[in-house]
């Protein structure tokens, strides 16, 4: 028997597999496909103060081993999430859920966090300071250590729940941003959000996405994500949630060796809706193959010895 | 929605760059014409959404008609009988045939035509007599005329250059037809023009670039009169009155 | 007849296809395969003051749609390049060549540039301030506008030849770095160098590369490169040489629409040594397909209208 | 070096995870045993270097023996007769059989063994009588014994666990053999141990992770007593005295 349990900011997860925000909605579409209670937890769609439609379409483009999205944080707004989505979620998901908090100002982060903090179902607040698809600052918070620190401090003030700062890869020194978050009381960091990218249509000779740029996710970014997790692991002592292109149980192990305590799976859910149960099923075999009996012991393993 | 394996039975060219593929597989999942599947292809990251043109639950066959417009559809056009495809199906809500009168207009443009065959079979089964109007650019692009004629339907073909059937656009052809309801599928501009010219109520099938095809990513959202809706989940077929065109 | 000619800092190229530094050696291996005079030009292996062996192996790893390298600027040193390589190059390459200048200090950039400036065969100096695989500053110059400006100013002082600053993608604001180079007299910028990345071996549970991190190149990074070229195009008036994952004539057109005057092809040469002649051959067909009669007219086309 | 198309003729398992693939294609390009080819595989970015185990220029056949150790070799193991592979060949400098005496030692470890068959054929052709020593982990890993016996060569098999042939490592088996020259191919540690224990001159074939395989990227450079050399271009076979082990 191998042990896949890990502990994330004091909450025990059956396994480190967490569908990433924006690729799992509020879980309902997937709950129709399989029992999503097998997951460690999941991070729900980035939630802002007000309802947002997001960017005009096209919002999606394809790339080699990856995809671009410029959804632009479409969501029902925090009040509707609390009123309509969370009660419904109770009927199909019985574990603490990760609430993904997005915003355009420190006040918005604070405001949304304060409201979601009141929700008993919410286990962690994941503060997305890294969405590249919104104009007006969404990304700036995550690319600069002082701005990231400010958001952390402000959110820290309104919740006792664990807060996880979600970092942007579009920055020179992600470890410095992570450290700044840790110093202000972040309980964990999650990384990476998408890499700012674009595609151009040869037919129209214009950008393919209406928003011009979008965020790159999928296997293409896995080696970048791995490097960033590795660097952040050396800079902070708080747990790291690693993500970016993870698509197999082997990828999970590799990311944990780099320093991740738990991992998130984003784009892979979209092209293969059963990827999370598959990975959860295969993980024990892969662990045995590589001589791992307790998954939590390999966290950061690539740094030692 | 299920993840399924379809096996190519036949795959033949039926018009300029247009192919018809018949697959063996579970066809019992489909509940309405206008639904689609999302196909995984080798070395391409995103799946490719293609409408079900026709299906037969008893024989377990599914018909797709697609145009080679890029890497994915080119790859499909090279698939040989026996090749297998991993697909997600069924996706989306199809046409609602319970509304509309006994003589609806069915309007297709280019490769918007395929799902209308399944639609017409359903309408005929329900005792209706649709009038079919199909628009293409030129003679070489025309397909499926005989399929609609075989259903005993009045079928009007229009081409932009007049090289086959009537000359002009489907909107021109529609002007002469009296109908209190319509079903349409085709290029965005054609659907928009139809909605602007036709006084009747109706349903149109839309396309958007899709991340998932089953409602998870919000990649395909459009704004409607009833708020935002996902083309892949609430659509691809929408009532025209929902569209703010 | 379509026209594939472009002009790069006053020198006319038959086409915009330029094999990228580090993937084409000094051209000899490829000259044995085809007449490399069909190329626009090529950028030779990054040259430093002293001979360098580079990093220990493994130096190469694979990723989804890409590869990592941590070669670490192996090269014979500038004097050997001038004495042994350039005279030999005359026998198989008859166009102005692009000299890729690498270094660990401003003095080294200046020194190597001054020596290569004297070489009649050298048409352009491409100053690589972005190599991620060397310790001690190689990358730092390219991630910070003031450091990039300093290098530019120093090299500008010792050569009248066009200087092209090669920029790093591992930075928050590549447009600011490009602008800083332009302000100090750079004649062009080239981008992107590789994205700092890593892989970990599940067998050994250690980083796959001896150097721990390496640079990601190949189709995986194409959408990132495209976005950066697009952003830099809006920030500077000097020409941009675009690169990162280009592997087809279609990619060339897409990169030029984003703002590139010429393009470089790196990793693709390694997996398909005939890729450059293939692209040069297919380019006219692709131009015709998309209604382009003169390639130079599409530069930055995605920004207009 | 050329870019060529090889067609799989047969592909069969010959030991635990080890496969032998015979391909049809231009075999006239090879000039020495120990050369290798670099194989393009579907949806993998880098090519996979595999030694030529044997080749026949007249029949136009090439034999590869490879072990399934990862994505690429697993994919190869599933290839059916008729499948084609794009390869770069020939790559590298092979063994130089013009040096060494009439009774050289030929030492292989695991999947380092395949190129030694081509080597021995060449040595035999030149009138030499190599003594072949092959080391494997266990009985199930052993392959190619009969191929070497068929050449009329003294062939000693050693296994780590003694489940077949002698028990121990190839270095143990070499201690009892008098030879003034050796050729070796196998795991790095084995080659290093050989070079440390054998007093004779010889040649060893090395492996490195490769970016290109034809000398362009400097990915495979090693430091030798004569300066840096590329395993893919100046190697993969090196004289032992060049190696600073």
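Order of writing sets the labels: A, B, C and D. Residues in every chain begin at 1.
In this section, a residue touches a chain if its C-beta (ideal position, glycine included) is under 8 Å from a C-beta of that chain, and two chains touch if they have at least 3 such contacts.
Predicted model only: the values in this text are computed from it and were never measured.
Touching chain C and chain D together: no chain. Least step count on the touch graph, chain B to chain D: 1.
Ranking all chains by how far their C-alpha centres lie from the centre of chain B, first place goes to D.
Separation between the centroids of chain B and chain C, computed from CA atoms only, is 46 Å. One simple way to say how far apart two chains are is to compare their mean CA positions; for chain A and chain B this gives 36 Å. Rounded to whole angstrom units, the spacing between the C-alpha centres of chain A and chain C is 34. Taken residue by residue, chain A touches two or more other chains at 61, 63-66, 218-219, whereas all remaining positions touch fewer. Multi-chain contact residues of chain D (touching two or more other chains) are absent.
If the chains shown are joined wherever they touch, the resulting network closes on itself as one ring, and no chain has more or fewer than two partners. Pairwise chain contacts present here: A-B, A-C, B-D, C-D [touch as defined]. Those residues of chain A whose C-beta lies close enough to touch chain B in the complex are 22-25, 29-30, 32-33, 45, 53-54, 57-67, 69, 71, 74, 218-219, 267, 269-274.
If you check the complex, the residues on chain D that touch chain C are 1, 3, 40, 44-47, 88, 208-212, 214-223, 228, 233. Taken together, the chain A residues at the contact with chain C in this complex read 61, 63-66, 68, 143-144, 170-172, 195-200, 202-203, 205-207, 212-213, 216, 218-224, 226-227, 230, 245, 250, 253-254, 257-258, 290, 298, 301-302, 305. Residues 42-43 of chain B are the ones touching chain D in the complex.
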